Amino acid sequence: MNFAFSSTAQSYINRLQDFMAEHVIPAEAVYFSQLKRGERPWVVPPVMADLKARAKQAGLWNLFLAADEHNKVHGAGLTGLIGLSNADYAPLAEIMGRSFIAPEVFNCNAPDTGNMEVLVKYGSAEQQQRWLQPLLSGEIRSAFCMTEPDVASSDATNMQATAIVEGDEVVLNGVKWWSTGIGHPDCRVVIFMGLSDLNPKAPKHLRHSMVLVPMDTPGVKIERMLSVFGDQDEPYGHGEVSFTNVRLPVSSIIAGAGRGFEIAQGRLGPGRIHHCMRVIGAAERALELMCKRAVRRVAFGQPLADLGGNSDIIANARIAIEQARLLTLKAAWMIDTVGVKAAMSEIAQIKVVAPNVAQMVIDQAIQIFGAAGVGADTPLAAMYANARILRLADGPDEVHRSMIAKLELKPYRNSL
Amino acid sequence: MNFAFSSTAQSYINRLQDFMAEHVIPAEAVYFSQLKRGERPWVVPPVMADLKARAKQAGLWNLFLAADEHNKVHGAGLTGLIGLSNADYAPLAEIMGRSFIAPEVFNCNAPDTGNMEVLVKYGSAEQQQRWLQPLLSGEIRSAFCMTEPDVASSDATNMQATAIVEGDEVVLNGVKWWSTGIGHPDCRVVIFMGLSDLNPKAPKHLRHSMVLVPMDTPGVKIERMLSVFGDQDEPYGHGEVSFTNVRLPVSSIIAGAGRGFEIAQGRLGPGRIHHCMRVIGAAERALELMCKRAVRRVAFGQPLADLGGNSDIIANARIAIEQARLLTLKAAWMIDTVGVKAAMSEIAQIKVVAPNVAQMVIDQAIQIFGAAGVGADTPLAAMYANARILRLADGPDEVHRSMIAKLELKPYRNSL
Amino acid sequence: MNFAFSSTAQSYINRLQDFMAEHVIPAEAVYFSQLKRGERPWVVPPVMADLKARAKQAGLWNLFLAADEHNKVHGAGLTGLIGLSNADYAPLAEIMGRSFIAPEVFNCNAPDTGNMEVLVKYGSAEQQQRWLQPLLSGEIRSAFCMTEPDVASSDATNMQATAIVEGDEVVLNGVKWWSTGIGHPDCRVVIFMGLSDLNPKAPKHLRHSMVLVPMDTPGVKIERMLSVFGDQDEPYGHGEVSFTNVRLPVSSIIAGAGRGFEIAQGRLGPGRIHHCMRVIGAAERALELMCKRAVRRVAFGQPLADLGGNSDIIANARIAIEQARLLTLKAAWMIDTVGVKAAMSEIAQIKVVAPNVAQMVIDQAIQIFGAAGVGADTPLAAMYANARILRLADGPDEVHRSMIAKLELKPYRNSL
Amino acid sequence: MNFAFSSTAQSYINRLQDFMAEHVIPAEAVYFSQLKRGERPWVVPPVMADLKARAKQAGLWNLFLAADEHNKVHGAGLTGLIGLSNADYAPLAEIMGRSFIAPEVFNCNAPDTGNMEVLVKYGSAEQQQRWLQPLLSGEIRSAFCMTEPDVASSDATNMQATAIVEGDEVVLNGVKWWSTGIGHPDCRVVIFMGLSDLNPKAPKHLRHSMVLVPMDTPGVKIERMLSVFGDQDEPYGHGEVSFTNVRLPVSSIIAGAGRGFEIAQGRLGPGRIHHCMRVIGAAERALELMCKRAVRRVAFGQPLADLGGNSDIIANARIAIEQARLLTLKAAWMIDTVGVKAAMSEIAQIKVVAPNVAQMVIDQAIQIFGAAGVGADTPLAAMYANARILRLADGPDEVHRSMIAKLELKPYRNSL
C-alpha cells in the first residue's frame, strides 16, 4: 500500500500547479471580462488561445488520454499523446478542476475528452483523421447528443431518437437536449446516439448506434440554449437540438450500427474519474476560499473562523474532501489494474459521493462569503451550479446508488 | 388550541387561491416571455399591469399591512388598508410564495412591503404623502440599501456608510450592495441606512439613521447589477450602488437621526413571517411539482415515485414543510399576541428553518426532474436561488442560531 | 388559529408540573436505588405505591382517557374518568415523558393505556369488570402480545400466531416477543392477537382476533426477558412469550372473532400522540440537561456552551423540538376535530419525526455530557434507548414514511 | 500509488480471516453463554483460554506491536513480536473488530495494547520484566486511569488527580472513572496519570506523570462499575476507581516524573488507527448482517432490500465505509512514513469519521432488524454502544474537529 503519487504523476502535478498559478488563475478575470464584453457572449475570449498555445508548448496537452489507448490510434501522425494511467491523470484532473477555464486550456475538457476517447477506441481511420486530429490539436470542439427531453434518460433504454440505416445512408431523427458545448463557436461535430433497431424485442443493448454528425448538416437545428440556475454557461452552453431527417453516409456510424451501448459503456469509467476529480478540485478550491475568508472577515469582534460552528464546518469539509479523493483515486487505480468491470461499484460510488461533497462544501463556502458567494465576484456560484448538474449528468445519484446496492446484495441473493 | 384559520383568513385564502389559479399561474409563461423578449430585460412585462389592476379590483391588494398599523398612518386618504393580523396574513403570503410573480401582483413584494411598513410606522405626514401613497397604490417601487460589500453585514454595527447631518441637510456617502429591486424601471426611492454619529464610543444602537433617497438624486449611482447563480433576477435585480456626497434635506431622515437601528428592529418581525411563509409556499409548490413528475415519469418500467428512496424523500418533504409552516404560524400568532420581543426566539427559529427546508425540498424536486429541474422550463431553479439567498438575506443562519442559543441558555446562565 | 392551551389543559399542566417537581423528579433516585437493591430487580420499588396514592389523591389519575370514550364504558362504577380531549392530554403526556417513572405514577403508561382504551371501546361488560376496573385503579398491569420473532411485524398480515375458535373455546398458539411490561410483578393479563381464519383468501383485515389471556393460564410461558442495548428495562421488561394450546372461553375474545385488525387500528391514533408527546418530553428534558451542563462544564478555559458548534447544536435542538411538538399537537387536534382517519398522514408524520428528533437531541446531550452521558448517572442513556425503540415499536419509520408518501401521491395518481 | 496490501499484510489477512471463520465467530455464542451462566458475570469464559492458545500457536499473537518498537524493548526474552507496520496491521485490526471477543483472542485488545506500547517505548527494564512480559504473554490484563468524573477530560490540563513524589515514594490521590478493563478478573495493574507539579504556572505539558499501580496496592478501590446504555460490558467493564494515599516506590513512575503528557501523546497515533479500524470492522459486519437480513426478511410481499429507501441505505453505507477505511489506511501509512506529528490532521480526521460512520451504519442495520436489532440476539446493540462510546473516548469528536480546523486554518492565519 502506497499513497504517494508515482514520480511521473508528481512531476506533472508540479508542472501543472506552476502553470495554473502562473498563467491560468491570473487569466480567469481576463477571460470573463473578454467573454462578457459584447452583447452576445458566445465567443472564445482571445486569452484562451494564448493559454492553449502556452500549455501545448509546456507539454501539458491532452494529458487525459490513458496509456492503453495509444495503440488503438489507427491514424498516423497523432502526436502529443502522453499516455498516463488513470491513477496518474487523476490528480491532474483535480488541479484543472480548480478553475472553470482550465480544462480547455489543456484540451482536457468534457465532452471533448470523452468524444476523443471514443474516436481513439472505436473510430475508423477516416473518422480519426477527419475529427480526432482537429480535436486533439484543439482546433475544433464537439458535443455529445444523448439525453432527450421527453423520457427519463437515467434509463437509457428509454431513448426515442432514431438512426435508421437506409442503403448507404443513416437517417437521424429526434430531439436531444443538455448537449453540452454545442454553443461553442468552434463546435463542428456532435456524436448522436439513436435507435437503429426499432424492434422492441431485439436485445436491448444492441439496438443503438452512435453517429458523427457535422454541425452544418441539413436538418440539425439548435432550438435554444438552456440555462443552469439562470446561467447559460457561455461559451460552451447546453443546447436543445433537433435532428430532422438528417442524412449522412453510413461511414459516419462509429464502429457500425448497433454498437452504441457498448461504446457508451466504454466511455464511462475514465470519464467518471475525470468528472469526479475535477469536482473535487472545485471543492478543494472552495475550502481554500472559505478558509481565507474565514480568517479575514470580522463580525462581532472576531474572525468568522472563530465564530460558532464555522471551525466544525471547515473540519468536516476537510474530512469529506479527503475521503472523496481517496475513493476516486482508488477507483482510478482499479480501472488501471483490474478494469472498469471489476471497478463498477467503486465507479458508481465516486459518482455519488464526489458531486455531493462538492455541493455541500461549496454551499458552505457560499454561506461564509455571504451575499458575495452567490454573485459572480467569486467562482463559487458557477462551481455550485456545476456540482449540482453533475449529480444529474451521466446518471443521477439514484441510478448509481441502485447499482451499488445491487452489487452489494448480489452475493447474498445468490446464496439464498 | 385551534389550528384552523380564522374565518377572515379562510375567506381571503379561498379568494386568493382562486385568483392565483385563474389569473396568476396561467400568466407566468406570458410574463417571462414578455420579459425576455428584448435585449435588455429590465422592463415591466405588460401582463403585470393587467394582473395588478385585477387584484386591486378583487380587493386583494396590500394585504400585508397588519391591523395595528392602521392607526399609525398620519396621512389622510390612505385607502385599501385591510388590517389583517400576522396570523391571518401568513397563509396568504404562503400562497403568493408559490409563484415568483405573485407578490408584486398583490403589491405584497419585498422590499416594498418592509419599506411601506417603515413609512406607516415611522414616516412623517409629508414622507407618507410623497412616498407611501404611490407605493401603496403600486405606482412606484422602492429599494432598501443596508448591506455593504466591505464588511460583514451580519453584524450591523460594522456598517461603514455615513449619513451626516450638516445644518439642514443630511449628506450620504458609502457603497451598498444587494439592494434588491433597484433595477426595476419603476424604482423611484430607496431607504438608505448609514452612520450619523461617528464617535465609536456612542451607544451603538443610537448611531445610525435611515434616509429616504429619491433615485434621481445627484451622487446616487448604480455601479452594476449583481447576479445570483448567474441570474440577474430581472426586472427587480440586486444592485451595487454608490452614494457620493448625496445631499438631501434633513426632512428626508425617517423619524429623526439616530433612530435607524430602532426602525430596523421594528421592520424585522412581520417581514420574517412574510419571507418564511413565501418560501414555504415555494417549497409546497416544489413538492407538488415533484409529486406530479414522480407519478408520470417512467424509468426502468416504473414511475419514479415507486423507485428507490423517492417515496421517502416525498414523505420527508411533507413532514419538513408541515413543521416549518406550523412554527412560522406560531411565530406570527406570537407577534400578534405577545409582541415581537417575546417572540424573538421563534422569529429567529423560522428564519433558520424555513429557507433550509425550502432549499432541501426544491433541491430534491430538481433531482426528480433531472436536467429539466436546473433549467428555466420549471420554476424550480429560480425558487432554489431565492431560497438560497434567503439563508443569507436579513441575517445568515448563523446569526439566528446564535440568537436562539443565547435565549435558550439565558436562564441557565442566570442561575449559575 | 390559537396556539394557547385550553384553560382546562393549562390548569392540568400547572398541577402536573408542580406534582412532578415536588414528588416525581425527587423520587427518581430513590426509585432506582430501591429497584436495584436486590439480586433480581423485577420488583415494584415501594416508592411507586406512595407516588401513585398521591397522584390519585391529587386527581392526576387516568388522565389519558379521552372525552368521547366515556359513554362507551358499559360497566357501572367507573370513577376517576376525566375525559380530556387529545389536544388537552397531549401536553400532559409530554410532561410525564420527562421522567421514566412518571407515566406509571399517573396510571398513564403504555401498554396499559392502550389496553384500557381497547377495553373501554370494545370490551364487554364482563371484560370491563374483570380487567378494566383493576387496570383503571392501578392494581394490576397488562401487556400486549402482537409482535412475533419469525416474521416482519411491520406488515401485520405476516402474523403467524393463531386464535382458533373450537366450540365455546378459543385455542391460542404461537410465539410473541417484545411484549412490553410482561415482566412486571403485577402483570396479570395480556391481550393476544392471532389469526382466527386460516384461509389465506379471506379478507385480510377480517382474519385476526384479540383475546384477553390471564397470565396464569396453562400454556402461557415467558421464555426469556429481552434486553435493549443490554438493559432489561426492569421492572416492566420486554418478554418473549410462547402460547401452547392455551384454551380460554370464547368470551375472552374482544368484540368477537375476526375484529382484531379493526381494534388494532382504533388503538393507534391516540396511542401515537401519547408516545410522541412523551418522547418529546424526554427530548425537552435532554435539552435542559444539555444546557445546564453546557454552561457549567469548562474546557479550554470556557464553558462548553461557548465552544465550537455547541451553541448551534442547542439552537437546532430547540428548533427541532418546537416543530415536532407543534406537529404532534396539530395531529392531536385533528383526531379531536376530524377523526383518526382524516389525520392519518399527520399521525404517521409524528411517528417518524418525534422519535428521530428525540434520538438526535438525546445523542447530542450525551455528547455534551461525555462519558457520564452513556452511564446511569443521568437519565440520558435510558431515554436514548427508549427513543431508539420507538423508531421500531408500533411500526418502523419506513412503514410510516411509506404511508405518508402514499397519501401524498394519491391525488396525483388519481388524476393521471 | 498502490491500494493493494503488502504481501506480508495479505498473508496475515488470509490467515486471520481463516482463523476468525473457523474459531472465533463460532465461539461467540459459547463465550456469551459461559459469561452469563452465573449470577456474577465477571469471569473469563473458559473458551477464551482455548482461543488464545490456538491463536498463539497459529502465530497470530501480539500482531499490534509495530516494527520500529522492537529495538526499544530492553528486556531480554521477549518473543512473539512480529513487527508489522501500522499500514500492515490496520487491516488485521479491522478483521478483529468484526467480533467483540476477537481482540483479546489475539492479545490485541485495548487498553492492554496501548499499555504494552507505553511499556515497550518508555518502560524501564524492571517495569518491562514485571508487567510487559505477562501482558505480552496474555497472563494478565491491565487498565488505564486517566479520565476523571469532576472535570472535562477533553481538556487534559483539567486533570485533578495527583502523583506527588515524596522522597523515594510517589503518592497518588484522586478519583478516576471509565477505566476500561478494570473489572476483568485478570486485571493486575493500572497505569495512573496524575499531576506531579502542582504549580499552575509550570509548563503545562511537564506537570503530569504516569505511574504503574498494582491493583492490590492499599488505597486503590473500585467504587463501582459503570454501565453503557445499561450494559456493564462484562468481563472487562468500566470502573470508577478511587486512589487514596496510594504509596509506591518512585521506580513505579514511567520514564520519570513530569513525562506523562509526552507518553500520552506517543500513545495516541497507532492507538487511534487500532480503534478506528476495529470500529470499521464492526461497521462492515453490520453491513453484512443488514444485507443478509434485507434479502431474507419479507414484508408486503417483497424482501426488505427491495422496499423503499433500503437499497439507498445499503449503498450509502458501502460508500461511507469504503471512504472511512481508505482514510484510516492513509493515516496509518502516514504514521509509518512521515510520523505521527505530520499525520496529526489525518489522525484526528479518522477519529471523527470512523466512529460516526460505524454509529450510522449500525443504527441502520438495527432498523432493518427491527426489535431483534436492539436485543442481544445479534451483536448489533453491543457494537452500537461501542461505536457510541468511541465518539467520546480518547477525546470527543469536538476536540478532534477543533484540531483539524486549527491545522487547516494555520497557513491562512500565518499569511495574514
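In this document, chain identifiers A, B, C and D correspond to the written order of the chains, with residue numbering beginning at 1 in each.
We adopt the following convention: a contact is a pair of C-beta atoms (placed from the backbone, for glycine too) under 8 Å apart; a residue touches a chain by one contact, two chains touch by 3 or more.
Here is each chain with its UniProt name: A, B, C, D = Acyl-CoA dehydrogenase.
As the structure is a prediction and not an experimental result, all values here were calculated from the model.
The greatest centre-to-centre distance from chain D (Acyl-CoA dehydrogenase), using averaged C-alpha positions, is reached by B. The interface with the greater count of contacting C-beta pairs, when B-C is set against B-D, is B-C. Two copies of one sequence, chain A (Acyl-CoA dehydrogenase) and chain D (Acyl-CoA dehydrogenase), touch each other mainly through matching residues, since over half of the numbers at the interface are common to both. For the pair chain B (Acyl-CoA dehydrogenase) and chain D (Acyl-CoA dehydrogenase), the distance between mean C-alpha positions equals 54 Å. Averaged C-alpha coordinates give centres for chain B (Acyl-CoA dehydrogenase) and chain C (Acyl-CoA dehydrogenase) that are 43 Å from one another. Within chain B (Acyl-CoA dehydrogenase), the positions touching two or more other chains are listed as 308-309, 311-312, 398, 401-402. Taken in their complex, chain C (Acyl-CoA dehydrogenase) has these residues touching chain B (Acyl-CoA dehydrogenase): 1-6, 9, 87, 287, 291-292, 294-296, 305, 311-312, 314-316, 318-319, 322-324, 326-327, 329-330, 333-334, 337, 345-346, 349, 352-353, 398, 400-402, 404-406, 408-409, 412-413, 416. Listing the residues of chain B (Acyl-CoA dehydrogenase) that touch chain D (Acyl-CoA dehydrogenase) in their complex gives 308-309, 311-312. In the complex of the two chains, the chain B (Acyl-CoA dehydrogenase) residues touching chain A (Acyl-CoA dehydrogenase) come out as 39, 147, 149, 151-155, 158, 177-178, 226-233, 238, 297-300, 304, 307-310, 363, 366-367, 370-376, 381-382, 384-385, 388-389, 391-393, 396-398, 401-402.
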